[in-house]
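This is the structure I want to talk about, given as structure tokens.
Labels A, B, C, D, E and F are assigned to the chains in the order they are written; within every chain, residues are numbered from 1.
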Amino acid sequence: MKFSLLVLASPYSQQGGLSALQFAKTCLDQGHQLYRVFFYHEGVQTASALQCPQRDEVNLHDQWKELADQHSIDLVTCIAAALKRGILDEGEAKRYEKDHFNLNKPFELSGLGQLLDAQINSDQLITFA
Amino acid sequence: MTNEILIIARSAPYGSSLAREGIDYILTSAAYDQDISILFLGDGVFQILKDQNPADIKLKSHLAALEILPLYDIEKLYAVKEDLLERGLDINQLGVKVTVIERSQVDSLIDSQDKVLSF
Amino acid sequence: MKLHLIQRSPFSNSALKDCLNTIGENDSVLLMQDGTYSLNHPLLTDIKNPTYALLQDSSARGLTTPASTKAIEYDEFVMLCSQHKHVLSWY
Amino acid sequence: MKLHLIQRSPFSNSALKDCLNTIGENDSVLLMQDGTYSLNHPLLTDIKNPTYALLQDSSARGLTTPASTKAIEYDEFVMLCSQHKHVLSWY
Amino acid sequence: MTNEILIIARSAPYGSSLAREGIDYILTSAAYDQDISILFLGDGVFQILKDQNPADIKLKSHLAALEILPLYDIEKLYAVKEDLLERGLDINQLGVKVTVIERSQVDSLIDSQDKVLSF
Amino acid sequence: MKFSLLVLASPYSQQGGLSALQFAKTCLDQGHQLYRVFFYHEGVQTASALQCPQRDEVNLHDQWKELADQHSIDLVTCIAAALKRGILDEGEAKRYEKDHFNLNKPFELSGLGQLLDAQINSDQLITFA
């Protein structure tokens, strides 16, 4: 089956991001396809490369990156939700005249059309809040 | 391909941005020619109250966002009768045109749709 | 003598209920943010404590303040905070 | 035939209540995250729908699963999602 | 100067980080020699359940954090009886030593303190 | 009177940050002292200089900065809560070997002792969640 995930949970304030990661790994273990992970609402914080969790905490950003590198999963961060929350890539940093940025590949910024595409073209879209 | 998509709006506006982010998703879906319905359920029924005046708290009007839905041909709006009643709201206090349905009808409304998502 | 700030909707969150379960008879309640959705909630009609609601927050949401609750602005919000020993937020 | 994911505590959030208010007779309920605090909630004892709870989430919290609820792991969680037309999250 | 500070712990652990962040504040306050009491109220009573086993969900044990409180001389722990009962919990299921008080006693407990903060 | 504020709310997901700002301004208008604003939990996101809200939205970061510049208010961000959430200043960026950072003066990173100090030394500490 083709799954997509919608992550609304804030990575270090709520459990939803951990649940989504575990769900994603189990999907892949079972041979399902993971079509896209879409980060929206507070979930966009997951994309920040500046997160420095403690050593005994899961680094959600790194774990998603690793999973995406191994299985070429689309990690899409909603651009409108991300920009207001201070998540931007190099291009947006230039556009908004910021000296710094915090979003790198494989995370990417894109519009809500990518969530719609995931909802339409996956058999199942599961929300983690 | 056009899908029938139901958005369940469960969040009250202003305190959380979820209500607004749900509407943003609805407007995007409409722009891509999907057949959208919206179900206001639980605290989501507060989204459709008339006379919202959020300028004083420096937030954008949620009702104004809902009012442009007809321009996108989104006209299937439903609200749950019991959820309105529990909150002391009657149909005269609503700012957009909705079809009031009973809780017992929600199940089949959801089942009739191709896709469902809630905010 | 405490001031309780209710910051969440009573229909989706237990903030108001948890507060009223243990409220003292000399305490006051101030509804703010989504807490203003409490304005017509049955839990509030049963209490004798002075009840306030932040006007900006209720009018933003299209809510009207019943006679049993006093609509106030930030000026009075700050003043109420200065007049109570403890100010507790419920969220 | 829907699968409902309950992701919040029923004592502080209306997720479970809102879900059960409108649940269909052929639907199933899966408790996860703080939703596992629902395990002994009165609302759940009244329903006939199949009820599941994510074992990792309940055992993390020191909760035990009553006989009326089936404890499952992520394997079965994914399988349940693949077997239902709609999967709805309540949070 | 030592203040009597009451922390009201209202959040269930794990789903939200608030419960943990409250404990972090308590440990800080104790390190600065404040006289700390903790009141577990509402869903906060879930913090003191025994047999928590969060390694499987990759989170740190909340109970383990509570168990070190006596090392900081924090021993005034209270839990609300009615909140335990509503959640079907009895004293045998608790992993730390608490004084169970009734809802009617909460008001005067709070009033007796110099400072109060809730998480 | 001496007030301090504890901001737990996420700046663009919840209303609490807007309420706190309005409260702070009213305090100062009334001649009260604002001893400290402490950002904790999701409130730490307020300190990110990378936030790019839309033009018709309040820029909470800039508004706090302006208020602090005018009235020399302490804007303290909990360092432990901030680091895991990807909020860091230049010094922490070096320590954690990150190429970028997003926290500048007048916002500063410090420990929970600053919240305790605010609670003890203010007449009133008000929480905005």
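Heads up, the rule we're going with is that contacts are C-beta pairs under 8 Å (C-beta built on N, C-alpha and C of every residue); 3 or more make two chains touch, one makes a residue touch a chain.
Everything numeric in this text was worked out from a predicted model, so none of it was measured.
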Graph separation of chain C and chain F (steps between touching chains): 1
Per Cα centroids, the chain farthest from chain A: C
Far-end chain from chain B, centres as C-alpha averages: E
Residue-number overlap at the chain C/chain D interface, same or different (half cut): same
Whole-Å gap separating chain A and chain E, where each centre is the average of the chain's CA atoms: 34
Inter-centroid spacing, chain F versus chain E (mean Cα positions, whole Å): 26
Intercentroid distance (Cα basis), chain D paired with chain B, Å: 25
Junction residues of chain F - those touching two or more other chains: 8, 12-13, 15, 19, 22, 41, 57, 125, 127
Junction residues of chain E, two or more chains touched: 10, 14-18, 42-43, 57, 59, 115, 118
Residue list for chain D, restricted to those that touch at least two other chains: 7, 11-12, 14, 18, 33-34, 56-57, 89
Pairs of chains found to touch, sorted by chain label: A-B, A-D, A-E, A-F, B-C, B-D, B-F, C-D, C-E, C-F, D-E, E-F
Residues of chain E that touch chain A when the two form their complex: 14-18, 57-60
Complex interface listing, chain F residues touching chain C: 1, 3, 8, 15-16, 19, 22-23, 25-27, 30, 32, 123-129
Footprint of chain B on chain D - complex, ascending: 1-2, 14, 18, 21-25, 27, 85-86, 88-90
Contact footprint of chain C on chain D as seen in their complex: 11-14, 18
List of chain D residues in touch with chain A within their complex: 5, 7, 32-34, 56-57, 74-75, 77-79, 81-82, 87, 89, 91
